[in-house]
Amino acid sequence: MSATSPTGAGADPSLRDPSLRDPSWRDWLLSDTPASRSQAAWGARYRLWCDFRANTLAMGGLIVIVLMVSAALIAPLVVPYDPAMQDLTNRLARPSALHWFGTDELGRDLFSRILMGGRVTLGMVVAVVVLVAPLGLAVGCIAGYYGGVADRVLMRVTDVFLAFPRLILALAFVAAIKPGITSAIFAIVLTAWPPYARLARAETLSLRNTDFIAAVRLTGASSARIVLRHIVPLCLGSLVVRVTLDMSSIILTAASLGFLGMGAQPPSPEWGAMIATARRFILDQWWVPTIPGIAIFLVSLAFNLLGDGLRDVLDPKQR
Amino acid sequence: MKRLKALAATAASVPITLFGLVLVTFLIGRVMPIDPVLAIVGDRAPADVVAAVRLELGLDEPLYVQFWIYLGKLAIGDLGRSVMTSHTVWEDIKRFFPATMELATVAILFASCIGVPLGVLAAVRQGTKVDHTIRVVCLAGHSLPIFVLALLSLLVFYATLHWAPGPGRQDIMFDEQVPAVTNFLTVDALLARDWDVLRDAVAHLIQPAAVLAYFAMAFIARMTRAFMLDALAGEYVITARAKGLSAARVIWKHAFGNIAVRLITIMALTYAGLLEGAVVTETVFSWPGLGQYLTVSLLNADMNAVLGATLVVGVTYLAFNMLADLLYKLLDPRVS
Amino acid sequence: MHVDIQNLCIAFPGATGISHAVRNVSLSIGNEKLGIVGESGSGKSLTARSILRLLPRSARLSADRLAFDGIDVLKASESAMRGIRGKRAGLILQDPKYSLNPVMTAGAQIAEAWRMHRKGGAREARDGAMDLLDQVRINDPARVFAAYPHELSGGMGQRVMIAMMLAPDPELLIADEPTSALDATVQAEILRLLDDLVSRRGMALILISHDLPLVSHFCDRVAVMYAGRIVEQLGAGELARARHPYTTGLLECLPALSHPRPRLAVMKRDPEWLK
């Protein structure tokens, strides 16, 4: 019903919100009669961006993430202190002009450690996503497209991994190898892929019997080509949303592993491990464990807000 | 008939998943770098003792034989002995698991009673300040590490305000005052009619349960909101309004009536998910449950205990998942 | 019963500007059968639903006058609107698959409407619902009463929907594409049933459709909508006298057995119509 054409609005300037009258690139993007495919595509993207921009919370999340990523990238250049430098004469100092967030139990500057810790967290998140998304996508698309035995076996395996709570499987797995960042990454990957596989399978199943896939098949395309060129790209949208929403869960699992002593090991400035070593000071020097906690919270909240906003825009049906 | 078939399909998938669960646990146990023999005999034992124990444990057999032995032991409830507590793992679990379930049960009750109305309210007031506030409160629940909230809660409610008793499950003076019948302390206190113990147990329970409940609440409220938005957008809601029904009846009878079954399954899943949150919460609150047992065993490389606890958590989790599935298929008229 | 609409506008604010879905529509409906015809997105459903104030939450509604039998719909309280909805005016939606509550039995839904507006106990409501099912010519009322919507065929579902809306004995029935989701043979049956019930009870009817000949055959008067405006209003017998190029264009596009043509005309839209 809301499909009333903006042509009408364009033809009748009085009906148009004057504040929205803008430079010509905007008209070009919002044109109802695009002259080329790229204009149409960019117009569609611009409309999505407009919808997204209207969501203040999601924009806030995006800004925090951009800030965090840039801070993590330039951290080694800007940190005021060496994050590993101890100063036992200045232990557990309150936040001050010299040490913005105070110092920890070994007199190390917390601000520098938080910034460098952002690199560790970001690195783990990127590593997990890079491994997990293709793995889940591959399993899901193969199961969904080929069906039959492949589907049954793969989905059974998926079920088994879904049958463990994530953190507990990750804990047992890390314990079995050796606590540390690398094993934490693999443990999280091991526990994070099943939902992706399920999602990709569901999308593939809904696409498999569509007419356009039948048409591609009639042209003689191989099934590998169909999956890679036609099905995978269409699964990416929901996958991106899922990844963004999953980021915070990955961050929290990584931090929990660190907190329980099974992830990054001290003296690494990983936020969860920092909280673990500082937790005994919670009653007297509460800021020492709280500040890394706030860092985890902010980043993970930002990803959640962004993911929520993305889902509303890209997938309005499942708000 | 269709309903029966759907139920049968669920039931049939259980043994296979269970088998996978056991296999994964077994494999994790076998790739570990800690030598289970040395863990038992100590690293100063003479070589022939080590060899004898190795033989006794069946560690010289091929992997599939070892797995077969492991299955056989599982079938009679033998999870091995914990090096740390020197009890059998099964005994330990019987002692610690009820504490975890008690915590999780109270938490899920809190979470559902608050989360469902909040979710409905947010959906009904979609786009307003109320909705945004509820959304942010829920997102915060998804974003805050549970151990940070637990630590802050101890700082505020225990150390500063003195509202809550400290960590632990009960005051040390009440230790073992009531006989352990169910190992659910509140239930045992009720059975013994010992009101002091009950009051103390409840006081200790509220804080960790509330921390745990916040996370469950955030998830339940979020799902309720999403389901409700979906339901409220349904044509049948317009029909209901066109009939002249009151807003309350449209919301609760028509829209909520459509999502109630799905919500019950969400609650069952969240209940299962609380087992995970319990690991961290119990560590912070020194709650003597399965979660703390698991983490302490992990740090002491007590592998029998770790695998036993992991397996029990896995089986419970699976049971709740199946329960959710069964409830859905039993209660929803659309399945048949 | 008299519905008076003057200069009705409905708009939806969006991120890229405001979409105007209905623009300056004026209509007056007495005790008659009015058809509203137009393509998807022409604003016909919104216009009809605005009488009951059943618009999506984001819709912005304004009008010089929007009155149901003297009651100002724009200003009426929610409880006053509930006195109109169902009780005095019913609404039949397109597809019973979606418009019936999937987790309530058909009978419970009819009985609910019955009890809402006529005081009575559960027993009377049940009898009332059975009687209504009989009136919409369902052969096996007891079975349909106990059935869930997904167990009913489309035609059956639409009869249940009609029964539900007839329960409080309304003065106006708004049927929003009541047959578009049904098979062709069932369509005719449902329309005949509606026609019969409306005439027998002396109700007014607003029939929304995209099928111009069907509507003109069935109604006393037809309003043709295009892009949120009423472009033409005609007596049912006066289709031949249609003057607006959109209406004539629509009629031109129809194939007819009696006047075979080598090539069907194609609608040519003129931006001038939007002015």
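By written order: A, B and C. Residues from 1 in each chain.
The working rule: a residue touches a chain if its C-beta (ideal position, glycine included) is under 8 Å from a C-beta of that chain, and two chains touch if they have at least 3 such contacts.
All figures in this text were calculated on a predicted structure; none of them were measured in a lab.
Central chain assignment: A. Criterion: smallest distance from chain C-alpha mean to the mean of all protein C-alpha atoms.
Interface comparison, B-C versus A-C: the higher number of contacting C-beta pairs is recorded for B-C. Taking each chain's centre as the average of its CA atoms, chain A and chain B sit 26 Å apart. In whole angstrom, the spacing between the mean C-alpha positions of chain B and chain C is 51. Chain geometry summary: the mean Cα position of chain A and that of chain C are 46 Å apart.
Interface residues of chain B facing chain A in the complex, by the touch rule stated above, are 13, 16-17, 20-21, 23-25, 28-29, 31-33, 132, 135-136, 139-140, 142-148, 151-152, 154-155, 159, 226, 229-230, 272-273, 275-276, 279-280, 283-284, 294-295, 298-299, 301, 303, 306-307, 310, 313-314, 317-318, 321. Within the complex formed with chain A, the chain C residues making contact are 12, 14-21, 40-41, 43, 45-46, 56, 227-228, 271, 274-275. Residues of chain A touching chain C in their complex: 1-9, 11-12, 15-17, 20, 30, 47, 50-51, 53-54. The part of chain B that touches chain C in the complex is made up of residues 126-127, 234-236, 238-247, 254, 257-258, 261, 332-334. Across the complex, chain C meets chain B through its residues 52, 54, 57, 78, 82-87, 90-91, 93-95, 98-104, 112-113, 116-117, 148, 150, 161, 164-165, 168.
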